[in-house]
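Structure first, then comments.
Here the chain labels run A, B, C, D and E in written order, and each chain numbers its own residues starting at 1.
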Amino acid sequence: MFLQVNKLNKQFQTKTGTLVVLKDIDMTIQQGEFICAVGASGSGKSTLLRQIAGLDTPTSGEVKVDGKQVTGPGPDRGMVFQHYTLFPWMNVQENTEFGLKLQGVPKKERREQASYFLTVVGLTKFAQSLPKELSGGMKQRVAIARALASEPKVLLMDEPFGALDIHTKESMHEFMLDLWQRTNITIFMITHDVEEAVFLSNRIYALGARPGTVRKEIPINLPDRTHMVKRHAIFHDYRDELMDLLRKHGQEAVAAVV
Amino acid sequence: MFLQVNKLNKQFQTKTGTLVVLKDIDMTIQQGEFICAVGASGSGKSTLLRQIAGLDTPTSGEVKVDGKQVTGPGPDRGMVFQHYTLFPWMNVQENTEFGLKLQGVPKKERREQASYFLTVVGLTKFAQSLPKELSGGMKQRVAIARALASEPKVLLMDEPFGALDIHTKESMHEFMLDLWQRTNITIFMITHDVEEAVFLSNRIYALGARPGTVRKEIPINLPDRTHMVKRHAIFHDYRDELMDLLRKHGQEAVAAVV
Amino acid sequence: MTSTPHRSIQSFIKPKLIRPTVFWRLAEDIPKPLYTALTITSIALPLLLWWMVTTFGNIDPKFLPSPGKVLEAFGRLWSTRELLKDTVASLWRVGVGFLFASLFSIPVGVLMGSFPSIRALLEPLFGLMRYMPAPAFIPLLILYLGIGEEPKITLIFIGVFFFNSLMVMDTVKFVPKDLIEATYMLGGNRWEALTQVILPHVLPGIIDACRINLAAAWQLVIVSELIAANEGLGRRISVAGRFLRTDEIFVGLIVIGVIGLTFDLLFQYLLRVSCKWASQKR
Amino acid sequence: MTSTPHRSIQSFIKPKLIRPTVFWRLAEDIPKPLYTALTITSIALPLLLWWMVTTFGNIDPKFLPSPGKVLEAFGRLWSTRELLKDTVASLWRVGVGFLFASLFSIPVGVLMGSFPSIRALLEPLFGLMRYMPAPAFIPLLILYLGIGEEPKITLIFIGVFFFNSLMVMDTVKFVPKDLIEATYMLGGNRWEALTQVILPHVLPGIIDACRINLAAAWQLVIVSELIAANEGLGRRISVAGRFLRTDEIFVGLIVIGVIGLTFDLLFQYLLRVSCKWASQKR
Amino acid sequence: TNPAVYIKTTNETASTGSAVEGAVRLGFSAWPGWFPWQVAEEQGIFEQNNVAVDLKWFDGYLESISTLTAGQIDANSQTLGDTVSSVSGGADQVVVLVNDNSTGNDKVIVAEGINSVADLKGKKVAAEEGTVDHFLLLLGLEKANIPKQDIQFVPLETGKAAAAFVAGQVDAVAVFAPFTTQALKRPGSQELFSSKDFPGAISDHLVFNRKYIQENPDKVQAVVDSWFATLDYMQANQDKAYEIMAKRGGVSVEEYKEYADGTQIFSVEENLKAFQPANDMSSLMFAADEMGQFLVDSGLATQKPDTSTLFDDQFVKAYAAKVGKS
């Protein structure tokens, strides 16, 4: 039980009253797993990830990483945000090093570490580029390298490929699988893209909306992980099961939108 | 030959020299067709649409709508932009009426016309809402209603659903097909989402990148247009053909990105 | 792949903890009661300090009058109606000068922001004029406009016009080009894009620029009332300064400060109302 | 579905045409040569008008000196080195006053923008102080600081400090919260987020605020040099005003304008350099 | 118009009716020799002499001078020195009446420990540059044979100069009443010398723009007549006059009475004499010449102004003839 979410509840006080966003969420993720949580827009996915990251405090319940309760943000959990969060005035190398710099790692060591992870994400050639000179996919790869550089226990990702076009997305999927196999890191990723989730993960949590709850936990067993698998019937079955699940809740959610 | 693009070339003068973005584009679209152009990011899709819209002047070649050469922007071509372009201070009704107001249509008539098209896009209930209160899909539906209200000869769409989540996107696809069948309007849509293009269009222009050229023109014949068709082999064949086409060029393009 | 033994980094990392805090919250809201308490402190603390210094310190009241003396001066000037008259006179001058300056600078600024040609035509001149100290124009204003209300108002006009034009111009830069192109596609011409799209879009920005420049207008009230004024807060302050009636200087300053802050809050309210449609908070 | 015969609308539509234009391009670049030509016109046209009016109009040179006379006065003041001395004196005062004001207001403004608690603590006070006309402080400054350079510089300090703090504060609002949270996730604490993320992010905004407030500082040069100055452009202008030597007033104004514009361009350059990393142009 | 005019303060004087078309626009500022204009206005003496006067009070004396030069008022009460410097600057002005001579109300006031002009050496002395008090200071230095470079001159507006002196920021100050009262509030301060020591050096006049005189000689005459009528009134109603003048000056009646000796209001006879040429300071022409030299010496004027047409005694003479005092 490497990452554990126990009876997590989160509500916000708004002008119109109390908004229950997350209700009784329970999750258990083992070391080395690649887990996705899928849910419609507004189902509280980002909110859930923020509690795990320690950027917000749950109303009740707890989050444990490697047995220790989460009380605040910290580099033991690497985070890749939904929107690009590279520091625009730093070049790729500086961005990748930044976490290590904050943690007091000496210049030489952090330079080596950053270079290593830039090699891992395949951006060594762009070490001196500014974020604005990168495409969306490259930006997220730098964000991943930056998170990995601190050698976190778990990598948290919030719809990291939502803003990418379909081709870039595909190559990022291959990249992620490759990275995961090479580094053997624990990954918890959030997405609304069902195919993405099926293609990447060992297990999927399907979230229901308003309030966000775990509707179903689906273990994924695919014959292989190349993009040919997407034509496989088993892939389609997973996809359709999830789609149906979400379509229903998604429509509820849309109807509830003002 | 309702919308015609003849030997269109477009180049930009940049600091580093002349950038050829579009090269010898030829296209012919008949009245009532639903045509998509698919291409990787940076292949010049938006640039092409801007020439057709008259928002920019081609370096050479011409664009004809209903036999008349395009010399500038105008309401005979309805446009739905890649980014949300609703006027944020007007409510949905006012946004939909705005084009008619600019064209001097009296208040009563334009109110009726706008209401009609809000019914068409299913947003009558939201007539008094501000754009910021709408979800992404609703925003694009208002943009479509706004464009349709002027009864354009052709509806131009630049990746209108690129920013939507997968479920909203699906319902927008159904909505578009329904709209197209009911109004019988000519639609020219640009996208990088291959499935979207296959699902929606009569014919697809696959664009190559750097410089943008028409690589292939593919007529689409699907047995039906419900989302069950996506499991059909013929759908997958179209999809894969296009994917292969673009993947090759897409990778070229990615490699060329600084 | 390099062969760097990258697992070594852990030994260099010094663990740190971010302690939860209320007062030092960074870019996060603090609880409402704390906010209110701090706001009250903001005004009360300086008052208290002032009172302490004048009461327990051995300070010549000519140099720093006690709050009591200032209150007394306030009462005196109020009872003779002089303060009311001064306030009305200055309010009117600043108000009219500022109003005219806004009336001219807003269209000019919008045009400069919208049309690069007009910007090229006016920006260098305005950039030059903005630096010229408004008080320098006093002798010229007396020559051209006499000693009535006109030169006083014109001085405030000059002091606000150029700044406001350039600041309004800056706000126009942030209108998304997409919206203008959407207007063309819907059948609008340039004039309609200007009046029906650019103008409503920059309205909050204009209000904010005006808010800042209203403060600039008040900065000029003393100088403008050097021109043969018989009443006015600025004149009261300069006469008081001449006779070292520090208590009256403080009365004048505080009245101006309070009036200014009132208008500031009014503008902030207008700003909030005018950009209700914006998804981002200001 | 309603049964409105919606095809009827075509009869109401009045077709319009947007004529291509160069001069009236809206929010679009105009050709470089036109831009240059217009920029030159911007300065040349007023000069020409001025020359025409004074040459052909029947205007008392006391009221409006001809460009020739102003040039002559410039030559005269230049040859006696008086103008140089004045310029250096004023540059120094404005420079030092502005520098100190920036030095204090930038950290204060950044802190106010970053910590809601500090904002609550200072904003009301600063909002009040900002409206108080700096010249009102002259008698007090003479009392406390004498008649040397200190009161002159302090006056400029007062005139800039509050404005700049509040404007810097405003720029901090635009730092994306995501970046700060990313810093926490990477192991940074609040102080590091402030100095290593917020500060570099708002640097361009700070430069822009300083650029505007440098102009405000020059607005005070005349008033500050009313305090026992023996030299300075402001003093030259006020003495010239007393003796109605309009030509010298113009010399002073133009010198200040040119100096100001030079610094403005310098700041604009700094701004461009400092936000090279921003994807949006400023 | 500014709505503030509709607010009446409790200590405001009843008159100040709105300006009549064609009224003489007459400016004056804070100086004991000029406060009688306020008496004239409040006691309706202008009306008695059939002339409409729009009396303009200036808080800043300097503004009154530049306003006259700018032609925005027709007449002003100002010192000889300033009239000469205006003329040197190209203004066309004419002195028609001597209001007074300063006989002590312009003072050089020094801090404790300074007991002679020689003690001023190296000290900071404040005065308003180019004004009569600056002139007085230089006269004093000259008399004591001290070069003006030996003192540290501090140019400050008169009110501020007095304030700076009280605050101990300067060691001496040259100011005129009522600011002398202000300056003397500094503990231990004393008068070093005053205009009493230089009779005729500082005289104050009613000055008109020449064009106005040419076009409206009768109005000018009526203003001059009103002045003398006011002096008669003040003789007869001293208490009331003091009350009005003290209020205008912003000082108490007691304080105001101290100025009485420091300002010698000129009678008709004294006026006639002053307009005569002579070789000492009792003659305006001689004094104007001296003043011109002073302006050149102090660098405030580039060349000595032509003062030959500066004086016009026809109105004083006409009044004298009318009352049979010629």
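To be clear about the criterion, contacts are C-beta pairs under 8 Å (C-beta built on N, C-alpha and C of every residue); 3 or more make two chains touch, one makes a residue touch a chain.
Computed from a predicted model, the values in this text were never measured in an experiment.
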> What are the chains that subunit D and subunit E both touch?
Replying inline: C
>> Tell me which has more C-beta contacts between its two chains, B-D or C-E.
In response: C-E
> If you average the CA atoms of subunit C and of subunit E, how many Å lie between those two points?
Replying inline: 41
> Using mean CA coordinates as chain centres, what's the subunit B-subunit E distance in Å?
Replying inline: 83
> Taking each chain's centre as the mean of its CA atoms, how far is subunit A from subunit C in angstrom?
Replying inline: 45
> For subunit C, which residues are shared contacts with two or more other chains?
Replying inline: 13, 16, 18, 62-63, 139, 143, 184, 187, 238, 241-242, 244
> Of all the residues in subunit E, which ones touch at least 2 other chains?
Replying inline: 66, 70, 157, 160, 163, 167
> Listing for subunit A: what residues touch at least two other chains?
Replying inline: 72-75, 103, 150
> Mind giving me all the chain pairs that touch?
Replying inline: A-B, A-C, A-D, B-C, B-D, C-D, C-E, D-E
> Any idea which subunit D residues touch subunit E in the complex?
Replying inline: 62, 138-139, 142-143, 146-147, 226-230, 235, 239, 241-245
>> Using the touch definition from the top, list the residues of subunit B that touch subunit D in their complex.
In response: 71-75, 100, 103-106, 109-110, 112-113, 115-117, 119-120, 149-151
>> Taking the touch rule as given, give the residues of subunit C at its contact with subunit D in the complex, in rising order.
In response: 13, 16, 18, 21-30, 34-36, 38-39, 41-43, 46, 62-63, 114-117, 120-125, 127-136, 138-140, 143-144, 159, 163, 167, 172-173, 175, 177, 180, 184, 187, 189-190, 193-194, 198, 212, 215-216, 218-223, 234, 237-238, 240-242, 244, 246, 249, 252-253, 256-261, 264, 282
>> Quick check on the complex: what are the subunit A residues that touch subunit D?
In response: 53, 55, 72-75, 77-79, 81, 83, 85, 87-89, 98-99, 102-103, 130-132, 146-147, 150
> Where on subunit A does subunit B make contact in their complex?
Replying inline: 40-41, 129, 133, 135, 137-138, 162, 165-168, 170-171, 192-194, 231, 236, 246-247, 250, 254, 257-258
